[in-house]
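Shared chain: chain A. Partners: chain B in the first complex, chain C in the second.
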Partner chain A sequence: MSMIPNLAPALGEIILAIGAMALLIAAVVLKNLTVSKLNKASAMLILIALLPVLLWQGGTEVTFGGSFIQDGFAVFMKTIVMLAAAAALLMSSQYLKLKGIKALEFPILMVLATLGMMMMISASTLLSLYMGLELQSLSLYVLAAINRNRDRSIEAGLKYFVLGAVSSGILLYGISLVYGFTGTIVFADLAGLLAANSSNIGLIIGMVFILAGLAFKISAVPFHMWTPDVYEGAPTPVTAFFAAAPKVAAMALMMRVTITTFPALVGDWQMILTFLAVASMVLGAFAALVQTNIKRLMAYSSIGHIGYALVGLAAGTAAGVEGVLIYMAIYATMTLGTFACILSMRDDEGMTEKIADLAGLSRTRPALALALAIFMFSLAGIPTMAGFFGKWFVFKAAVDAGLYTLAVIGVVTSVVAAYYYLRIVKLMYFDEPAPDFAPVTDLPKRYIIAITAALNSPLSLVFIGLLVSAAVYAAGSFFPS
Partner chain B sequence: MADFPILSVLLLIPILGALIILPIRSAEETGNRNIRQVALLTTLATLIISMLLLGNFNNSLAGFQFVEFYPWFGGDTGFHLGVDGISILFVLLTAFLMPFCILASWKSIQVRVKEYMIAFLLLETLMIGVFTSLDLFLFYIFFEGGLIPMFLIIGVWGGARRVYASFKFFLFTLLGSVFMLIAILYMYAQVGTTNIPVMMAYDFLPEAQTWLWLGFFASFAVKLPMWPVHTWLPDAHVEAPTAGSVILAGILLKLGGYGFLRFSLPMFPIASSELAVIIFGLSLIAIVYTSLVALAQEDMKKLIAYSSVAHMGFVTIGIFVVNTQGIEGAIFQMLSHGIVSAALFLIVGVVYDRLHTREIARYGGLVNNMPRYAVVFMIFTLAAVGLPGTSGFVGEVLVLFGAYQASTWLAVIAATGVVLGATYMLYLYRRICFGPLDKPDLLNLKDLDKREFLIFAPLVAVVIWMGIYPSFFLDVMHASVAELIANYEAALGGIAAVGQ
Partner chain C sequence: MTPALIEALLFYLFAFMTLGAAGFVVRAANPVHSVLYLIFAFFNTAALFLLLGAEFLAMIQIIVYVGAVAVLFLFVVMMLNINFTEIRENLARYWVIGFLLGMVLLIELIAGISSYQYAPEAWRQAVANPIPGGVSNTEALGVLIYTDYIYAFQTAGLILLVAMIGAIVLTHRKRKGVKKQNITQQIRRTAKNAIEVKKIEPGEGV
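Let's look at the complex of A and B:
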């Protein structure tokens, strides 16, 4: 065995790690560097690092002594995460400028968080899982509190940190139990051991703790308490990033742990996931009904959407994994697009987050209103919009697997949720105009809104075929035929 | 002609029209005029193509014609289109009513004309898509997709309580449809495809059929609408702009009846025969109860809305007695009601545009200064009542014949609906057109102008044509209906044979 591990599978991560260091040095050395320039450079860096990921031809390959795995699944998830991160970076410049946030560490922390997520997605031991998760989480704690002059931002960061630390503790405790009872932390070995003997109660407790820790990261009910406060308190571009990328990465981890590591315990985790899914869908639908702040609304909306994605995972089949992959990809575009629209809501006094301010937007800003309406219908899962396809595939998997009750609860809550998405459309299209927003001159944000809106619009009827075949390929790495 | 993708063209023309409208500036009046003209031309082009479709349709074949298939993702899910003797008539109905919607909105819609016309054109594509799709997945997309433009049409251009009405419409229909979605997913899992002809040939387990039937029933009963889930309809009708009411009554309500014919009967024959009792019960309640409710209405549109629920009661009875007269009567009744109720809403729209009220008590004696209007109104009133020689008669009589074969009581109770229908329609007509012309604001009302007269002339012609020469339409559906009934009876017979 060679002393130097095979670096090719981790090329994207390596580029990102080195690039982040270089940017950090540049931020310290270069005197006239602004945040928006550094944002652009960081987004470029992420897109460059995306190239080796997209061009990966090696099938499934394990390196670094079995702790890092690159496969079709990882490529799919990393692509979503990296595109989401780049988009979040590009649309944050104008906000940071307006708010007077000059912290150059903002883009660098975003890059490091992205790196953490990529490592999470590629983790194939419990240790690398934890490493990736912590790199991501620590960066995100700081990002939530990056607006140091605002109490709400600091509160959000602190709250996120304290609760996040507890969940990491729970996760770590679960890992130690699993290691204690089996003597291994490698996913593949664990799966093999469990296939031989899966009746160990200590092991099941360990798995439950691990799942609880991960459920915190995807903010599934009842581990969701931090989400609305952090979403509301954190600077909006950070919230956009929170809503899209870390959820996708944590969901990837959840899938890898349940499907490839604990397939022998499917009966046990299926129960847990079903509960998480039902609780998230119900709470997400009902709690959002009374929100007046659009960021809080999106927080509950994201809780609900994680519930739908978990429906697919609870099925535990190849179709279920495909469903979750499709769902998360579409979810990322809807969320990013919506937040890009929220970032365009600016009145004279600064950024506004009140839902009521959207009144009559279709008259004052028809293009923005149209885009936001597309996102709302897509989030509600109404056909001809992309969001419907996500629901179709996860519910199909649930029905295939015989989880009828879960599917029925899912579709009924989606009707409840439709109400609050429609409420936003109603405000924009049926009501008399509120005072106009200042125009958004920021070009990248416009492009992001236009692209994500097009992806979610009925044009998705054309794109969906591509996404499905990519998801089928990606899910194939879990279910070799 | 055989290889020409006529159905795709039919679906694409309205979209093309919407794309042409999109860049036109609707700020000034010339722009609005151009928008209206493009929309009208688009709908007329669609109508002509759909007539070509009927011209090339072979009446003697029972199966699907003009079939197109473009693969989409995985398996044989795809853009699978085709029409048979049942669906082609609904395509024609859609294409026929659309130009009237555009014409009816010519003057009454003055704000956001561009968005309005785009919404209608997209709605046309979606509705034609519902009737032509041969893939359940595609069907569901078109079926549900129609909610979005209709929601906007009611909510943006509607009346005072438009927000309430549009939300009620959207959420009621969505809640019904998601149960159908679960049923569709189950069927997909069982059969392994969403291909409708394949599913029609598949024998679902009798126990499963009941649940699947109920899932589809939830959706179609709301859409049709059947008592007691009809409450969204009067609200939606009252608040929608005239053309919105026309589309609702003329086409959207027909989706439910079409769905029963296309899915419930052929795919779940056993459940259909077992659960037909539910349908009969609800339909009879609808016929008698909503007719009585219609009698008490003070608002013209509400009255017509309740009468729609009653008329749809005939349709569901006709469908689920499953004999030739019943089903053909039901289809004919749907077509006739589509045109007659659309015309009645246009008639209400005429006076609403002048007086901006729909309260019946505000009118009276219009025959004195609006003679042309009174004549047109009378023709459609009689058609709604089911006078021989109008289209309404054929449908009701065929349904009653069919119902009589199934059960005398069913036919007798349903027949009371005809009497009640005559009562509330003639009562409405008397209150609006007859009596003294003594209300000061009615004195200056102008009779139908040229544009309005042009709208009603073809509708009158078609209603009388359908009443005098119904065979033209019945011939188109004969073969498909016969096969539907043959398959249905074969499926029931097969079960009976196994049971013995």
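Let's look at the complex of A and C:
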């Protein structure tokens, strides 16, 4: 037996880990390095690390003594996370310059957070799950507080840290209960053990604690309290990153834990996920109605969208998993695009976050207004937009699994949520113009807005078939036929 | 007295001292006393590790927990100005809800743990858990950490790196007017440019 584990499945992670340390040394040694240059280098590093992930041909492979799994599902989720992270890095440079944030650690922490997310997606034991989650969370706590001269940013970081530490404690407690009752932390062994034996109340308590810890990370109601404050207080590029990448990674973890590890307890977790989904959809729809700050609005919007994605997971079928995969991919593009637009909201007095400032944008910046309108239509789930297909697949899976109530609540809350998305469109196209915004001069941001807008517009009809077949392939690693 | 009896007696001695010290950590009125009791508890757990034959863990327990963690605690306790009257007031205000939550958790735990079952053969396996023959403790741990658990070990290293970067990013400030040692400048300093000879006329001063 060879002493060295098979490193090929984890090549992307290894490149990212070594690259992050190289960048850290470069940040110390090179004197004339600026944050924007380091941002570009970090985005390049993430894209290079994406190559071995995309070119992965080995099917399902487990390495590092069973700690790490690379399969179709992991490839799909990692691709979303890494592209989202690279995009968030590229569109942050101008904001950081305007706000005078010079910390070179910013991109390095983003890279390390991305690495943590990849480890979460590839976790195949409860230990590697926890380690990946902590690497990600710890980097994100610091990123939220990185604008340390601003009280709101510090408050966001502290709040996120305290609540995040509590949720990690809950998660760890659940893990210890599961280990105590089964004697194993390996997902595959757990699934086998549960299939062969009857379940046990202590084990179920452990699983509920694990799900509660993960629900905090995807900010599903009632574990959402931190989201609006952290989204508002953190620097906007960090918020963009928060909204897109960690949600996808934590959702991947939720799926791996429920579908592959505890399939025998489907009745128990289905109940929990159904409650989380309903509560998130309802709160996301109604609480967002009264928001005046666009970052807070996006926070409630993201809570609602997590609710919709959980509808698909609650179905627990292959179609449901495919639906969630498609939903998360589309959600990431919508969110990143919207945040790229928010980062372009800059008038004479500097960056603004007030929704009212968007008034009459169609007359002053027609292209930006069109792009933002596309994102709003897509977030609302208007047919022919990409967001519609995401909702279509999860609701269809729920109906096929017999969860009619869940699907009906989903449709009703979508209609309520459409009100506040369409209000922004109305504001931009039919209201008297507010002071002009500065033109979008930052090239990466222009490209990101253009690409994500194209992906969400009716042009999505062209791409959706490709996305569906990729999702079917990815979900296939959970449901071997 | 048989060796087994001595071992059992020692075990109960150290176990009770650990529990007692832990109780005093919570009950002590002065936080500095709490930390000192905590150190005592750490020493007792180290002794328990020794009884198990895990001498490496026992030494690490003393070096890391007593040497580093407890000292850090002492620093924090002494530096923070903890307001006890406020804590007591909060305790008085929230004890009902805290008590209810505690009871719910207790019932949950009793329900969970009462369902615990031993497989008949598991007990024997646990007792017979051997320290691999001919291998020292340190070596056995090293073999495990650097083979089966290398992934978790390396990730833990990355997490510590992030913690270090985070602490520096959030607290390090460049202050103005700080005098730093400049070694090059120090070495280049010679008698010629360090000493200035002044000729002072008698009776005039500098």
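Keep this in mind: the second predicted complex is superposed on the first by the 480 of 481 C-alpha atoms of A that agree within 3 Å, B and C clash if a C-alpha of one lies under 4 Å from a C-alpha of the other, contacts with A are read in each partner's own complex, and residues count from 1 in each chain.
Throughout what follows, a contact is a pair of C-beta atoms (placed from the backbone, for glycine too) under 8 Å apart; a residue touches a chain by one contact, two chains touch by 3 or more.
Owing to the predicted nature of the structure, the values given are computational and were not obtained by experimental measurement.
Comparing chain B with chain C, more residues of chain A are touched by C. In the superposition on chain A, contact of A:138 is made with chain C only, not with chain B.
Judged by the touch definition given at the top, the superposed model places A:419 against chain B, while chain C stays out of reach. In the superposition on chain A, A:109 makes contact with chain C only, while chain B stays out of contact range. In the superposed pair of complexes, A:67 makes contact with chain C only, with no contact to chain B.
In the superposition on chain A, the residues of chain A contacted by chain B and by chain C do not overlap at all.
Of all residues in chain C, those touching chain A in their complex are 108, 111-113, 115-117, 122, 147-152, 154-156, 158-159, 161-163, 165-166, 168-170. Contact residues on chain A toward chain B in their complex (touch as defined above): 377, 382-384, 388, 392, 395-396, 399-400, 404, 407-408, 411-412, 414-415, 418-419, 422, 425-426, 429-430, 458, 461, 464-465, 468-469, 472. Contacts from chain A toward chain C in the complex involve residues 3, 5, 17, 21, 24, 64-65, 67-68, 103, 105, 108-109, 112, 115, 119, 127-128, 131-132, 134-135, 138-139, 141-142, 145-146, 148, 157, 177, 180-181, 183, 200-202, 205-206. Chain B makes touch with chain A in their complex at residues 72-74, 126, 137, 140-145, 147-148, 151-152, 155-156, 162-163, 166-167, 170-171, 174-175, 178-179, 181-182, 185-186, 188-189.
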